[in-house]
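This report refers to the structure that appears directly beneath it.
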Amino acid sequence: MKMIVAIIQPHRLDNVREALSDIGVAGLTVTEVKGYGRQKGHTEIYRGAEYQIQYIPKLKLEIATDDKTAEQAVVAIRAAAGQNKIGDGKIFVFNLEDAIRIRTGESGDEAL
Amino acid sequence: MKMIVAIIQPHRLDNVREALSDIGVAGLTVTEVKGYGRQKGHTEIYRGAEYQIQYIPKLKLEIATDDKTAEQAVVAIRAAAGQNKIGDGKIFVFNLEDAIRIRTGESGDEAL
Amino acid sequence: MKMIVAIIQPHRLDNVREALSDIGVAGLTVTEVKGYGRQKGHTEIYRGAEYQIQYIPKLKLEIATDDKTAEQAVVAIRAAAGQNKIGDGKIFVFNLEDAIRIRTGESGDEAL
Amino acid sequence: MNAADTGWILTATALVLLMTLPGLALFYAGLVQSKNILSVLMQCIAVACAASLIWFAVGYTLAFDEGNGWIGGTSKLFLAGIDRNSVSGTLPESLFAMFQMTFAIITPALMIGAFVERIKFGAVIMICSLWLVVVYAPVTHWVWGGGWLAERGIIDFAGGIVVHVTAGVSALVIAVMLGARKGFPEKITPPHAPWMVMVGASLLWVGWFGFNAGSAVAADQNAAMAMIATHLSAATASLVWLAIEKFRFGKPSLVGLVTGTIAGLATVTPASGTVGPLGGVLLGLAGGLVCYLAVEVIKMRMRIDDSLDVLAVHGVGGATGTLLLPFLATIGYGGTGLAEGVTIGNQFLTQLIGVAVVAFWSALATIIIVLVTKSMIGLRVTNDEEVEGLDFTYHGETGYRQ
Amino acid sequence: MNAADTGWILTATALVLLMTLPGLALFYAGLVQSKNILSVLMQCIAVACAASLIWFAVGYTLAFDEGNGWIGGTSKLFLAGIDRNSVSGTLPESLFAMFQMTFAIITPALMIGAFVERIKFGAVIMICSLWLVVVYAPVTHWVWGGGWLAERGIIDFAGGIVVHVTAGVSALVIAVMLGARKGFPEKITPPHAPWMVMVGASLLWVGWFGFNAGSAVAADQNAAMAMIATHLSAATASLVWLAIEKFRFGKPSLVGLVTGTIAGLATVTPASGTVGPLGGVLLGLAGGLVCYLAVEVIKMRMRIDDSLDVLAVHGVGGATGTLLLPFLATIGYGGTGLAEGVTIGNQFLTQLIGVAVVAFWSALATIIIVLVTKSMIGLRVTNDEEVEGLDFTYHGETGYRQ
Amino acid sequence: MNAADTGWILTATALVLLMTLPGLALFYAGLVQSKNILSVLMQCIAVACAASLIWFAVGYTLAFDEGNGWIGGTSKLFLAGIDRNSVSGTLPESLFAMFQMTFAIITPALMIGAFVERIKFGAVIMICSLWLVVVYAPVTHWVWGGGWLAERGIIDFAGGIVVHVTAGVSALVIAVMLGARKGFPEKITPPHAPWMVMVGASLLWVGWFGFNAGSAVAADQNAAMAMIATHLSAATASLVWLAIEKFRFGKPSLVGLVTGTIAGLATVTPASGTVGPLGGVLLGLAGGLVCYLAVEVIKMRMRIDDSLDVLAVHGVGGATGTLLLPFLATIGYGGTGLAEGVTIGNQFLTQLIGVAVVAFWSALATIIIVLVTKSMIGLRVTNDEEVEGLDFTYHGETGYRQ
């Protein structure tokens, strides 16, 4: 199994989620994060003073899938999250050794 | 070493933590996340209009353990977090290549 | 590639980020987390009653790097985050199978 | 000049300002998404400032200077001629102008609720400024400035027509011309801070004592009766809303209850000088029910994105009170009854004409104002700006940084 | 009728409403967990609305209509007979009834602090409604309505007995019968928003000027003296609390300081018409110390979950002021002294009887009210509801969505 | 004694307390980082309490008891001799002392803005307490207590010199002696809650009606004129700030607009008894511009960390109004003009002397106060404490726990 971690622009969340359900990915976990990268943060001005906001709000999605779905998922996320702007984000893929559904104790692919 | 990632219902946190210390797991990291899965989110009604809240507050626990403790930990978490309700959550197990305690520089199992 | 996950004291963030850019690590993702470990949480007193705050605010940094940079990064983080106090935090290293830059589709090291 | 009346109206003026700043601002800000909280607060306070200067420059004279039946004169432009000895009734005229200024502040600010989260900041200022001159000032003259409706004997003690019907109708027009928020109605997100909505509503409630009891422009039994009628209407309408939600959904909500509060306050406003305590309770009953239905009809049935229900709560409430007043003037104790020789029927007709003509004029003038604004600076923010939120895109700020 | 007095009491009425909405509501809401913030705000405003209608229907007449020593008459049910010419002292009677209504609003609302985070919403409304009729109205009659305690010459200027002792004692009774919050005392979580507690306390402080100085029912030197005594007591008690925390824990807390503020305000309330500035300071000293100890005793020693310390701060404070008043009436300048021929001893005895009998009656009646409520709709939410939080389980809303 | 005046000043007193609690406290708290919100609220309310007791003990007598040209007498220590019959003008003296107490509360509290986020709590209390006795009380005597500046015919209706120049100048001195916040200016973090800043500013605006119109110590045309001039100045300065930001940065900010509001209010304060509506507008224009520039100069050019711009907004605003007043006394309608036979030149000179001498004395005395405090308890928190935040390190609390 794989764990796909995607850092995306907050307002692309619904797009991505729909794209994922289209390929049959039912669940995911979302975390509010702040990102630092190529994209320059914006500046805010208070009483004439400039403040550089370097950390940009992003959403981190964690999606556990079986091996074959993983690739589709990556493609789907890219398509749904991409606006071809700096700051669109990144996708990271990890090997997931095991998954257990707490309620039933099912493990492996059935747990997803 | 393993990194165990558990998505649980927020109010089960204390149960789980106690269950873990019983098996000698001292540390963990908690993140507030929002989950999307089988469990249908609730609806809220404002001025007669229904709002579907699809993302449900969950807690994500990250627990680094040595290989042998890992299995007990998974069992312990299941027992402590499970209420046999949809939405109880999931446990994910990753391989952890290395761990370092910043303060001392110890690495590997001693770092946990 | 490696994914380095560091749990640090919130006020060390800028130090760490500078240390990382010095070794050419451009991007990272920050998450506000709460930690439980050796460090005892503080107590707060309201109207004479003591409240034990067990979960301590920490920051979790996720940094994807290529294999060779990874080691320097760990060293840099330790140096920048360490105050040799309990609670300084921990660094976890994972194997990262793949990384994709959403905007361009580049993958592997170029995506970082 | 009467010092006791002066003291009370100085106080009432502070209370009515409190209604807008921060009362109404918080009431509205809590109902939007967190990414737009500052834009709503900004719109409220900027409109308040602009309205103050416009009232000083032209509003007061157009509304209260002697003129013809349709519009006041211009002898008091920039409050010309008002010195320390000028009086209006038992008050220094400077105080009367100031008290009325706080009404001229809150009325356009009320409209903001209809177009939040998607309108250009500049458009808000331009629309509200023009509106104050073209709609509010003349209508105030008609009803309170000795104009044709005053002549006809219309009763609008504290502004059911002048404030709530004008703002409510115009708000709806603007909402329609501007278009709904992205994703309306399915994908709208719920109020980001119900607690803030309640705080705003509470301050509106307290401030409304200055609004209604202050409209007696004296510290007397009429002010006292207005206060108790106002309070009982607010309490009743709140409980009506609570009961409806309890029976329909099982869970009475805080946002629902305080929406009822505002409905009750808007409904009693025109009648608060005419009815007694029992009349206040009955108005609260009526206002709570009618406004609840109005929200249903406008948002659910007609699917118009009058985002924070300005017409449904304020406009409909104000109209309801205005039209019911003839029937309640003699109910229970403490009412004033109607003027010598005026039948309930006559009075009702007058009230009806007032509501209808004012609603018509508000709608017509607002259409023109919006068209002009649109052609000059445009109305709506871009899709990206709406998605990112107006706080940063229009004001360069972040609402919460904890 | 006196216009100046009328103007001041119109103002005072607005200030006392501000104490509850949003003052007390915020003070309490900031002290609970974030998952219960809306439920507390909802309980405060819903009780305020219900109390208003009950006061209109039966409360006022039972408290202030002529009756016997124990209860008022019924000739003013639904404020019957109160028209625009009715006066009460130098005020329009409608205003007196309205001013008193704001007291009838805050008193039951004070009790909410004792049973937050675990009580059914319906039970709050039912208990507070019955309580207003069975406890508050009669006691008000005894003390302010010409009842037996008034006959006996008791002194309770603004409600140390009528408001604080009744609410404090009854609150404790309810807390005991309801049971403690899950995990009390070890696992209770700290206040979720100390800043909100401070804002609520500040508004209570400002509003208390209307409460105490308004109780002079005139714009005169007694109102003025009441205001300064009230203010100095609040300031002193705040610093007492600060000092205690500084010496005991090293860190003076904001929640602690403002708790002292409320203790000082509750303590001076009954005496604010009798003492001068120095008396106010001394009452603040006493109130700060005694209430601090009371919190210790009730929460730590007796382990009773009077969650937000209603008895310890309000009840004990009000009683302390009531009992100290005879001794402070002539201290320093500005005090009124005691009535012709009344010794400190006599007065103290009267005060003591008042506190004791009222406390007894409040406890007894509340026990019955709670038993009735329990049998009819139950008191306590389920364990799961308590864990999930009342905001969503009872009101279907979320407090913060940022 | 005049009941109408008494009623209005009772109200005005409540309004001025509202300015500090919670107005100013929220205004400042929203501007700091979230880890310091409670420390700012705590400093404001603790200073308010301490100032109240000091005013009661020594402040009032030193300021208003008959004395020489430089300082008042001591016959009214602890308000000795003030009983229920004492009057001051048309007010009970107890009320006058109480009204003035609220000024003695807000003035030192204003200074807090200059040294937030890095000063020891004890130092705040000590500095503000000494300052009240050494700077505020004497200067009040000079200007309002019949002292040498009063003799010279200085005009400072509501405290441009007494309140704003003293607080502004002293605040800067303290900021300089304390040193800048860690990372100033590059790495300072932006206001954590602009919405809270706006709420605070709104309450300051409303309360300022009590501050300026209350300074007429009567419910008359002068109070009325002061209120409208005050309001128009606030509205104008707000729009000036909005316009500047719009043209300079493209995005007008909420924090900017409300900073303009406060600048306008501070500027009109000394002149609010002298000018008419037009004068208010002109003062708002001047105040908005001058204060905006002052922020630039002090923060950007001089790089002094007067953190929340106390001197730039309050001190400079108050001085501007004080110096412009002679020129505006006869502009438009409603002004009082200058005293018989006083030329604009003379008056300006008097005003200038007042500002200069008071600024000098404030600076000098503050330097000594700060040195004393530093030697006794130290000024600045440790680096670690500053990094962790004062809420927990000094008060053991957490501001937000959602």
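Per-chain residue numbering starts at 1, and chain names A, B, C, D, E and F are given in the order in which the chains are listed.
In the analysis below, a contact is a pair of C-beta atoms (placed from the backbone, for glycine too) under 8 Å apart; a residue touches a chain by one contact, two chains touch by 3 or more.
Computed from a predicted model, the values in this text were never measured in an experiment.
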item	value
Any chain that touches subunit D and subunit A	B, F
Same or different residue numbers at the subunit B/subunit C copy interface, by half rule	different
Chain pair, D-E or A-C, that carries the greater number of C-beta contacts	D-E
Averaged-CA centre spacing for the pair subunit F and subunit A, given as whole angstrom	50
Averaged-CA centre spacing for the pair subunit F and subunit E, given as whole angstrom	33
Junction residues of subunit E, two or more chains touched	2-4, 7-8, 11, 189-191, 249, 251, 253, 255, 396-400, 402
For subunit C, residues that touch 2 or more chains besides their own	31, 44-46, 53, 94-95
Chain pairs that touch, as defined at the top of this document	A-B, A-C, A-D, A-F, B-C, B-D, B-E, C-E, C-F, D-E, D-F, E-F
List of subunit C residues in touch with subunit B within their complex	2, 6-8, 31-38, 55, 58, 60, 74, 77-78, 81-82, 84-95
Subunit A residues within the subunit D interface of the complex	11, 14, 42, 44-46, 53
Residues on subunit F engaged by subunit C in the complex (per definition of touch)	187, 387-388, 392, 396-398
Touching residues on subunit D, where the partner in the complex is subunit B	185, 188-191, 245, 248-249, 251, 253, 255-256, 259, 292, 295-296, 299-300, 309
In the complex, subunit F residues that touch subunit E	1-4, 6-8, 10-11, 13-14, 17-18, 21-22, 25-26, 29, 37-38, 41-42, 45-46, 48-50, 52-53, 56, 78-85, 91-92, 94-95, 97-98, 101, 121, 394-402
